[in-house]
Each structure stands twice: as structure tokens, then as C-alpha cells.
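Across the two complexes that follow, chain A remains constant while its partner is chain B and subsequently chain C.
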Partner chain A sequence: MKNKTLPISIIIFLAFCFFVFLKGLSNTNNYIPNESLGKKIASFNAKNFFNEQEINSDELFIEKKIYLLNIWASWCVPCRNEHGILMQLSQNDSIKIIGLNYKDNLDNAKKFINEMGNPYSKILRDQDGTISIELGAYGVPETLVIDNNKIILKKFVGPLNNQSLKEIKSLIR
Partner chain B sequence: MFFSQLGFYSLIIGLIFSIILFPVAYRDLSIVNNAISSNIFSILSLKLFFVFLSFICLIISFINSDFSNETVYNNSHTTKPLFYKISGTWGNHEGSLLLCLLILVFFIFIFLITSRKEPKKYRIITLLFQEIIIIGFFLFLLITSNPFNHLFPIPQEGLGLNPILQDPILAIHPPILYLGYIGSSIILSSSIAAIIQNNVNNYWAKNLKNWVIISWIFLTIGIVLGSIWAYYELGWGGFWFWDPVENISLMPWLCLTALVHSILVLEKKSLFETWTLVLCISSFTLSMCGTFLVRSGILNSVHTFAHDPSRGIFILIFLFLLILISLIIFFFFHKEKKIKQKNFLFSKETSILLNNWFMMYFLSVVLIGTVYPIFLEVITNEKISVGPPFYNKLLIPFLIPFLFLMSIGPNMKWIRQNVKLLNVKLILLFLLSIFLSYLILIKTELNTLFGSVLIIFSIYLFFVTIRDFFIKNQINFSQKISHFGFSLLILSIIMNGIFSREIITNIKVGEKYEFNNGTIYFEDINTSKKKNYISIVGIFRIKENNNNEIYLEPELRIFNQPIVVTSEADIKTNFITDKFLVMNLVKGNDYYNIKYQTKPFMIWIWLSAILMCVGASINFFKRKQNEE
Partner chain C sequence: MNFFKIIIVIIFFFFSLAANAQDSNSKLINKISKNIRCLVCQGQSIYDSQSDFAISLKLMINKKIEEGYTEEQIYDYLINQYGEWILYDPKFNKNTFFLWLLPILVFLGGGWIVFKKTKFFKL
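Coming up: the complex of A and B.
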């Protein structure tokens, strides 16, 4: 039999790599381009979800609170999953959640809100999806954390989860 | 709807055929004759048919914008042009994996057809090992990344919005790259089979070399296409960013490049058996490792696909299983032959071995630079990013001896070279290179020692490879072209690096700006209204001191609702230099901020890489001819 040291040490080394990668997978953090963080959110006009009134985004982020701009749609399956977290966050007085309804059928969207509850202080409509594109959204759902100076503090691509809930709460303090 | 279902069931049927293949092939192993049973061929053809059908179904779903299919919904859009709907099929995680599977199934089919003259057992074991990989891909697709997932309620519009990915080059970049990656799987399987059969000899090497060359060619073209895309479409003014995903394609490339050389020694001289096997196993392992790093989302990069830890765990386990099986087979079955031949310091084998060592060094630098941040984060929770300075510092000093060896190595003879160290012509060439480098250096502010020496040696290599075309020696024509291509590549990259210039200034319509080599005139501005944006095209005349005049027309697009500005660079390419101009609005006044870059020899970087592939293709077709 040949010298066993080499194969055994290789296998030990590989096992080490395996566990490092395995551990690395669990700290997976989403890739968020840094360019948009720390910058002012672009201003835009949108129609109000309930009364079709035109609203300018500059009128939205005035109070001294933390704003969440949540892009959602009734047909978006992950949006349902994160809705509970949004409802939870809406209990918090120092947070205001603004919904941006992305390319949706108005009736379906209203049904969604009636069924799941309304965490939003205001809902805007993005009928053709251009606002979301201009905000640099990757898809639905996506959540921007914005302060009253309209600076983007954080961006969550994909549905919010308990981890992001903690991160948002840490931003309030 | 229908096509998604059809595609899904075809995939399952394909998987069943893959599993059926094992007992059939096992039975065939015990039959003593030299032809593989036709059952195996029929199963393989059927499997190829079903996987192909499944792929076609996915394409049809994309063409029809069938948003009940989750993959289509995530990656397509009704307003996309037809061409990009089709290319969108493999522009995403699920579709690209399906394409990989199709290539895997196709390649093993080709392998069995073209390897008729080789021992039957060897072919069947290769087939079986390849089937293990194929089944792995099948399971990965069906369990974690099914391209035919159903969505209900059916969305009205898809999410595929990213205009940056709508580019003809990017449409063919992934398939070509996959051909390279997957080609190396055949190299792995057949080397495993050769180890088991104790069949590692020069005949085996001669046949395997075709696969090595094919994979190498596709991988090279794939990398070049990606780099061209980054340059023209992203407009960052560069062609290589040491982005983890770029590195990942570079690692198997370095490994295959080493393999192309070492397998030559095995073919001609029956040396470096073990070493060649190690390279064979590593090249596919590195490709898979790349897949893991990209698809699991463990790395942060522009290329990262949607992340899902379960995918990462699957590939991780699959990858390590493959490595483990390969290693076990390698250590248990491989018997090193005692070689009585003496090794000489000055011989072709030694120079190829040195080439391999350098390749391994470059490979380790890239590997460490890519993977080390992950290790560090897991172990110490510290985040670092490894960028170009790291690679430049570690690679450039070692590139110098590498270039020098490359200029003398290929002219050596097998076994033994009687060294004439003083070849007057070569020394003259070397002096000429020093002189030319001096001329180049006084034109630049470059004053690092390594940089200067690197220029001397790259010019020297360039001359030597040109000289090789005119003298008779043992280098065959294809090798001359490839080596010439490589020297041109290195030279263009260096020249591009030291001669790139950049001017940034603010300028108004009608004004001019003078710089060292010329003047920029801002002639006019044209504003026109497009469908959903206002286009502002600046017309710039650039007059150089040698009276060359060019016009560049960068564009600004102001989207009206809401107001967002994007800028489109204008690039003028010619054989000597690229001129690159981009402009931006300056808020609050009439000034525009412009960035003007000259990038010499850009086009030669692509051309020289293509030249290397041409050399390799000539080699491939000549071998085919000789066989017939």
C-alpha cells in the first residue's frame, strides 16, 4: 500500500473547505449595489391607489420618521409571504410604509388589501412599471428604507424576512 | 401552459433513460466483443431527443411570453424583441442549467461516436461516469431549479426589464462558455475511465487532446465575448475587472492551458502521466466550483443569479462528491509507471513542465483572490474585497520569467537540447527590444522596475514569435499562430495599460478645451423627443496635434417620468486606438461634464485572443485530417 499521508491530508483539507463553504452559504447576503445607498431617491409623480389623485413624491417623505417604500403586486407570490412582516411593522409609530403597486389589476390589488390587511399609510400606483424601473428596482417585492431627507438608507431585494425585520428595527433607534 | 408541461415531463423521461442506462451498460460490460451494444446508442439518442425537446419547449414558452411559467415570468417581458426573448431562455439560472444539461447529453453522444477505435470497457466506464454527472444535473434541475414551475394566478406581465442584458454578444456568450465548461466534463470522465482501466498512455492522450482543444477554444471565445460585452455595453472603459465571475472562468482556462501542453508531452514522450491526470480532474472540478460560487450567491458580483441556499448546498455536495470519487479512484487505481528515462534540464519536457508550474501559480493567485474573502468572512467575520492591485502585484513579477521561458522553450528539442546559449540573432533581437522599450518608456511616466522589464520581455517574445514564422524548426504552424496570438495579447494589454489616457472637464456648447495632444471642440447639441425620453446628442470634434479629426456623439437620455438621466458613451474604434467619450449633465448651468478616453490597441486584445483560437482550431482540424 502506498503512503497514506497524502490522500488523508487532502481529504481533511477538502472537508475543511466543504464546511467553510457550507457555513459561507448560510451568511449569504443579497447583492445590493452600493451606488444607490446613501443617495437621494429620485422624485416622481404617481397616482393615488384609492382616488386616482396625482401625488408628487416630494410631498411624501416630510415627517421625521423612517419610511419604507414597498414595491408589491397582488399577483406576486412572495409579496404574500412578506405581508405579515409589513403588518407587524405598521404597528410601529416611528415607521411609515408607502406601497407602490406594480403593474397590477386594480380590482385584484384591492381584493389583496381587503383580504390581507393594509399596512400602508399611502399606496401609489405604478401602472406601467416605469417608476419601479427608475427607482432601480430588480423585481417585486422590493423595499427601500428612506429617511425624512429622502436619503436611501437600505434596500431589500426580494421579500422581507425576520432578519430584515431586525435590521429595519435597528435603523429606527 | 402545454409546452411547460411537455418540457417538464420530457425532463423526467430523460432522467429515467439516464438511470436505465446503468443496468444496460453493466450487462454490456460483461459481453466480450469490441462494439458497444446498439441498445446503449438508442437509449442515448432517446435521451438526447427528450432533453432537446424540453429545451425547445422552454424556448417556445419564452417566445409565447407564457407567464404561467415562473422562469419566463421572472426573465421575460412582452415588449422584448423576439431575438432577446429567445436568448432570454439561457440568460437565467434555470434555463442556463437546462442548456448545460443538453450540452452534457450531446457531448457524451459525440464522444461515443468518435471513440470507436478505443477499448470498449474504457468507453463504457467513461459513459457511466458521465451519466453520474448528468444525473446530478437532472436532479439539480428538477429539485431546486425547475425551469417549468407553474404560477397561479397568471401574472399579466413579466419582470424581465434589464436592458443591459439585451445585447447580441451577451446572447451567445453563455452557450459558448458552457460548451467550454461542459467539454471539460468529458475530460474528467475519460481520465477516470483511463485510470480504472490502467489505460493512461500516448494513444489515450492523443484522442483526449481533441476534447482538451475543443473545450479550450470554446472557453477562450466565451471569455473574450464576455469581456467585449463588458467593454462596449457597460461602458466602464475596461475589459477585465477581476470580478469573481470573470476569475471563475479564468481558472479552468488556466488549467486547460496547462493541460494542452502537458498532454502533448504524454502523447509524444509518455511522461507526466500523473500530472496530466491531476490537471484533467482539476479542470472540470474548477468549472463546477465556478458554478457553485456563482449560482449559490456566496459571492457578491454583478453576475450573481437569484440566490437560494438550497441550490448552493446541492451543488456543494455534488461538487465534493465528484472530487471525492475522483480522488478515491485516483489513489486506488492509479499506478505510477517507473520511468527510466533521464530528464535533462534543457529539453522541451522541462520547459513545458515550467510552463505548467507558472500556470499553476497564476491559477493559485486567482483562486486565492476569489475564495479567500469567503474563508475570511466565515472564520473571522471580517469582510475584505480583493481587487486589481492584489492581482497586479502578484502576477506581474512572475509574468516576466514566464514570457522569457515562452520565448525560448518552444524551440527546444525533445529529450535533450545541446544548448547554444549565444545565438547572435536572438541577442540582437533582445537588444532591439530593450531599445524599443526605452523609446516607449520615455514617452510615459511609468517608472516601476517590474513594469519596465515586463515591457522588454513582452516585446522580445513578440519578436521571437514573429521570427518563428520565418525559420524552420520543430514548432508546427498552429502552435506558431497560437503563441504569436498570446504574445500579441500580452503586448496589447500592456500597451493599453500604459498608454490609456483620460481627460475629464466641464465644457459648454461652442467652447473648446485644449489638452496635451489636441483640442476638444463642443460643436453643437441636438435635442429630440423619443418615445419615453428626451435625447440630447452632443456633437464633439476632436482635433489632434497631427491634424486627425474625429467626431464623437455621446448621448444623454432624459426619461421624463420621473426625471432620470442615463448617458450613452460613443466609442470610435480603429486599428490603433479606441476613442471613448461620455458626457453628463452638470446641474444648474449650461456646462456638461465630459470624460474623454483614448485606449490604444483595444481591438488587438480581442483579435489576438481570436488568433489563439484560430491556432488551436488549425491544430484540431489537422489532427482530424491525419487520422483519416
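Coming up: the complex of A and C.
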């Protein structure tokens, strides 16, 4: 009897390890920070995309609307994919879309806008990426839904899709 | 002539002060960067990474140091933005106490087993 306990317990232990690792495989390892949700965005200064004039973020979120702050770049391929959805959302009067051009070449970014259309009511430049960090973002594309009290209501990491479009529309109602 | 000598000494003195300040800043940036996880290239610290996120974060840390933030204040700021997960060395709190205490418990438990099983202590 004693001889059998050891192999059985080893088998049980290995089976346990196998299932723990199997379960681990199905978990995604990508950590998406959600700390900024429900918090007020930090006030920041940025240059206007078209005339290089300095703008303070406090001047942006004044109207009683829902704001989408979309972080984009011309070098970012997924940004091209979501651009159609942004164009569609720009037709909606209760939404204002603000673009934050992330670490981009100005000429390329202007070409991108001319080619794909401009859904943004204002575009700001984040030349060194530090404004995005102040906003708690970590890459492109990323979209923050912000109300006129400057509270972050929702955050979409990665390109917007039809599902996110529905979620944004449900926030307006 | 002596006047020029004094001027040169003063200039060198201020340059060395500035260089020293710069050096201690970059040391602190490196120290903090080694403890910050790169969120886009997970498994690397921002010190090791050359991703856009890591470069911007290092710039941000530099900016905060220049604004007079201490190391702890910078960690608190980053935890507030990205959560505790961004630190490689998590702080001691109700969620992490087990993580910190486990090695001590294992050490004490192992010590107790050694103490009970070895004849050396029975002499």
C-alpha cells in the first residue's frame, strides 16, 4: 500500500500542474490599465496641429457634450482601420472628437488627414508622447470617452470597431 | 592675471556642479526605470526597452524629477495612472503581504523541519 501512495500522489500533483497551466494558456497576458476610468483627466498644454498655437486642455471640454479623445498617428496601421468609424461618429452632433497626434511626422500626419478625411473638431500634437502618459494611455490607437466635467467614462485600447461604436452610442443616450 | 584665474576656477566650479546634478538625475532615472514595467513589451523594464511607450515614460520621469518629485512620489503617480502592476517591486499592502511574507514563512517552516529532524540539535 505504501509503495502505491508515492506514484499516485506524483500523478495527482502532475495532473494538477497540467490543469493549472492549461487554464493559464487560455488567459491573455495583456494587461490593460483601467486605473484612469472615473477619474478627471490631468490638465495639459499642447500645440495645435494646424497652426502650432499652444492650447490648454481646460479650453477643450467646455460644451455639454460627450468628447472622444482619439490618440492616433499616421504610421499606425490600426488607426487607418478605425478611421471610418471616427468619420461616422463625427456626423453625430452630441459628440465632439478631439485628436491627439502621437509622435508623428507633421507632413505625414497632414497627408493622412487629407487622404482619409478629418473627423476631429480639434487636433493636438503630442510630440514626445508625454501627454498620452498624463492621460494614462500607452499606445496608439487609444480612445477615451470624456464628459464635460473632464471625467474619463470609458477607454478603448486598440482600434474602434462596430462593438465599440455601439457602446459609444449607448453612452450618448 | 590672477583675476582671470579666479574667473576660470569659478566657471569650472559651476560647470562641475551642473554636471554632478545631471549625473545624479540620470542615476535616479535609471534606478526608477529598472523598476517600471514596459506595458507594451511586457516582460521588459522600461530601462531595457526602446519602445515608444518606454521612451516617453523615461522622458516623463525626467520631467517629474525636474519638477522636484521624489522617487516615491513618481511611483505613486505611475500607480495612479497605470495601477500597481507597473512596478516590478510591488509595495507592501493587503494584496501583496502574502507575496512578501511567503519566503519568510517557507524559511521558518524549513528551519523548523531541519530543527526537528536533525540529530545535531538534539545533542
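The criterion applied here is as follows: the second predicted complex is superposed on the first by the 139 of 173 C-alpha atoms of A that agree within 3 Å, B and C clash if a C-alpha of one lies under 4 Å from a C-alpha of the other, contacts with A are read in each partner's own complex, and residues count from 1 in each chain.
Assume a residue touches a chain if its C-beta (ideal position, glycine included) is under 8 Å from a C-beta of that chain, and two chains touch if they have at least 3 such contacts.
Predicted model only: the values in this text are computed from it and were never measured.
Contact with neither chain B nor chain C is seen for A:S9 once the two complexes are overlaid on the shared chain. After superposition on the shared chain, chain A has more residues touched by B, the comparison being chain B against chain C. By the touch criterion stated above, A:N105 is placed in contact with chain B alone, chain C being left untouched. Residue contacts after overlaying the shared chain place A:T130 against chain B and chain C alike. Of the two partner chains placed by the overlay, only chain B lies in contact with A:F21; chain C stays clear of it. In the superposition on chain A, A:N48 makes contact with neither chain B nor chain C. When both complexes are aligned on chain A by C-alpha atoms, chain A residues 29-31, 103, 129-130, 133-134, 139 touch chain B in the first and chain C in the second. Residues 2, 6-7, 10-11, 14, 18, 20-31, 42-45, 57, 73, 75-77, 103, 105, 108, 129-131, 133-134, 139-140 of chain A are the ones that touch chain B when the two sit in their complex. For chain B in complex with chain A, the residues that touch the partner chain are 74, 151, 153-157, 159, 161, 292, 296-298, 300-301, 304, 307, 309, 312-313, 316, 320, 323-324, 327, 331, 374-375, 377-379, 532, 559, 561-564.
Residues 29-31, 33-36, 102-103, 128-130, 132-134, 136, 138-139 of chain A touch chain C in their complex. Chain contact summary for the complex, chain C toward chain A: residues 39-40, 42, 52-53, 55-57, 59-60, 63, 79-83, 85-86.
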